[in-house]
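To keep things simple, chains are lettered A, B and C as they appear, and every chain counts its residues starting from 1.
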Amino acid sequence: MKIEKKDILDIESLSTEEIELILDTADSLKEISTRPIKKVPTLRGKTIVHFFHESSTRTRTSFEIAAKRLSADTVSISASTSSIVKGETLADTVRNLEAMNPDAIIIRHSAAGAPHMLARLVRSSVINAGDGMHAHPTQALLDMMTVREKKGRLHGLRVAIIGDIAHSRVARSNTVGFLKMGAHVILAGPPTMIPQRIEVLGAPVTYYVEEAIKNADVIIMLRIQKERQQPFLFPSEREYASYYGLTTENLAAARDDVLIMHPGPINRGVEIAPEVADGPYSVILDQVANGVAIRMALLYLLLGGPR
Amino acid sequence: MKIEKKDILDIESLSTEEIELILDTADSLKEISTRPIKKVPTLRGKTIVHFFHESSTRTRTSFEIAAKRLSADTVSISASTSSIVKGETLADTVRNLEAMNPDAIIIRHSAAGAPHMLARLVRSSVINAGDGMHAHPTQALLDMMTVREKKGRLHGLRVAIIGDIAHSRVARSNTVGFLKMGAHVILAGPPTMIPQRIEVLGAPVTYYVEEAIKNADVIIMLRIQKERQQPFLFPSEREYASYYGLTTENLAAARDDVLIMHPGPINRGVEIAPEVADGPYSVILDQVANGVAIRMALLYLLLGGPR
Amino acid sequence: MKIEKKDILDIESLSTEEIELILDTADSLKEISTRPIKKVPTLRGKTIVHFFHESSTRTRTSFEIAAKRLSADTVSISASTSSIVKGETLADTVRNLEAMNPDAIIIRHSAAGAPHMLARLVRSSVINAGDGMHAHPTQALLDMMTVREKKGRLHGLRVAIIGDIAHSRVARSNTVGFLKMGAHVILAGPPTMIPQRIEVLGAPVTYYVEEAIKNADVIIMLRIQKERQQPFLFPSEREYASYYGLTTENLAAARDDVLIMHPGPINRGVEIAPEVADGPYSVILDQVANGVAIRMALLYLLLGGPR
């Protein structure tokens, strides 16, 4: 079975059937990573370019490991080593890569929409590994995979997404994804971190974290992205932690079997208390493990068959 | 068939028969990059070190992809991660690499002659991926491959090389290569960018771009290498573009089936107008595709047989 | 045969039997690197993460080549591309890597003890590739391998370690290793570079380099690690060279079949005269070649069997 798409650019453009196919595929591929020999020959002879314009440990490493476990060849390009420093346009850099016949280009870029533009320029499959404040579809897919794995379903669950909604591509992609799969989503954060007209996504908004946590099946805490905020949108980290951080105390209002999630890297003691991040409800490391499986699934579905 | 050389350091040291063998081999290997499974086992178990002291997207990526499509193992070293920062001499760094038994070392270095010195120090094959303002033999080979592929021959063609001749290793290697293969080469650029005594290479020089373009079969536009010029050798980019840039207007004097080439990365609107770079005569992206094939050919010819 | 350990963190925690097993294994794997096809399928499907927080050419390259010659998949993370720049703790970064199911994590870190902490956090094997001024066990193992290969034994040899003892993890690991294997070790360096109470390791100390060299079977010259010294611990490089550098003159007091070693990168003309580094007693490049063999041996012994 294959996905009838060239690219994975955002959650908006995936149907519920496609999302289910991706999650099912990831479920079945996940086991490969626990074998003594963690490798299948599925994508032997495929060339995958990882093109990362923003620093990333987990996403780049996750994609690289996914590619290698499927036996693909990988080449990695970062902003600092690329011709970007010589003034080449992004479109030209990517057209040049394309001329080397890669099968997929995985791109992370600080400019929202960059992957979409590139996808139109090239025959290769493009996977968006995060673009500006716009989308991070593989994160949303691994988050949905993690919830479905633990809860058995997505439909009808109450999902709270808490933090810097305005600057978070994770928030945006997860909101769209969970709503699409029939979950209820509530967004919470300080007024300075809630964008205007965010309700059009279909999720209610609150400035009170307690309201979002109440009866939540899933809580997704967002990273305070210090590197994106200028000036800082709340008086201090301590103040943020006391009003919007997830702690043992405010967590008590959630459902007994709540799942705590975070896209990482976490700021311990800011948006999440260490005892919550490391506690029994946390599935943060499951998210990371499932990230490899989701990326294997996408590469397999996009590149696995004859083209 | 093999090439009877340990290293590929410059075009000067290749015979016309060797150049033809390389181009023929590249022609036949090019097809591998268009297969669903882009990989042959030819260089399995070979170790190739990519040692890049200058930033490069296309050349490094091209070499890496070439190596992987031949199933070689690759290790990449850049100036910033290397012991150069600890004060080790280049010769010592390379002797150390050599002690790990690589089969080939691909080197790009800002110092002219660095690859030649290294080649004498090591048993491994050394391929020059660009040294200072001296040579860039793989670029010249891929350019000749591209022209031969489109025109069916090199002999007798009129090749114009236009731009910053003084600072361009591409100009030098291409001039030597095309002349060796029987083409006519004419060099053009502003007086500040034409080195003294360049005529000894055997190509006439003009300061008038129109003269070079007239009746050209091939036009190779050089990159304005802003990063190498201090102070800048012409008053402004706009002025450079108006006097020396390739435009739809001045291109009209070339032959009807002219080929437009550029080693990349291009400065759109400076040395080449966007509509020319993207126009029907441009083979800039063919050059990139052929770059992979040329590098596969060199690795195959140097390492492919028993040593 | 396997080593009954999860991790290789320091020489202290290895028994003499384990050290001998590692050296024997390295001796037998060394031959692979001289074959036309330098690759065995032993670790196919294993994932090895190279996590380097300090710049390194030889150690990182050596580990990568070792992994690839055993057919393992490798992923490389450096400090500059990692989430460290986003404020993630080292423990969280490593827990995240662990969630992707690597088989081994190779870590170099500026903080002494970092690898030990990580080893307790993860199921994966951890190999210390150098931590602060603490330990560099793979360097000591490759040094012992080199001496045993040349001398046929370690027991009873007189080993002089000369230079900046205080800032050298190489000095510390080698002192412990050679003493454990029955060699005599003498440490020499300027008073400002000899740590307090270093005698507890079991090696006598002298401030006179001639005393250490006298009758030495093996001389290990340490690198003057300019990047670690603030302020500089001796008046000038020239003065250091004249008092503590190894030269043809002071080398005459050593045994006729002395071995000259250096962990690299060398500062020519500072701690070692060029004619000594390149001379007949130098086994500096043998050390590098054996480094690949030792790392292959460790990966094989830790990961080679069913776990």
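By our rule, contacts are C-beta pairs under 8 Å (C-beta built on N, C-alpha and C of every residue); 3 or more make two chains touch, one makes a residue touch a chain.
Bear in mind the structure is a predicted one, so any value in this text is a computation, not a measurement.
J.: Report, in degrees rounded to the nearest 5, the angle of the rotation taking chain B onto chain C when the C-alpha atoms are fitted.
T.: It is a rotation of 120 degrees, to the nearest 5.
J.: Over half of interface residue numbers shared between chain A and chain B means same, under half means different, so which is it?
T.: Here the answer is different, because the shared fraction of interface numbers falls below one half.
J.: Quick one: chain A and chain B, Cα centre-to-centre, how many Å?
T.: Each chain reduced to its C-alpha mean, chain A and chain B end up 39 Å apart.
J.: Residues of chain A that contact two or more other chains, please.
T.: Only 80 qualify.
J.: What residues of chain C sit close enough to touch chain B in their complex?
T.: Its residues touching chain B are 33-39, 52, 55-58, 60-62, 64-65, 68-69, 78, 80, 223, 226-227, 264-268, 285-286, 288-289, 291-292.
J.: Across the complex, what residues on chain A touch chain B?
T.: For chain A paired with chain B, touching residues are 44-47, 49, 73, 75, 77, 80-89, 92-93, 95-103, 306-307.
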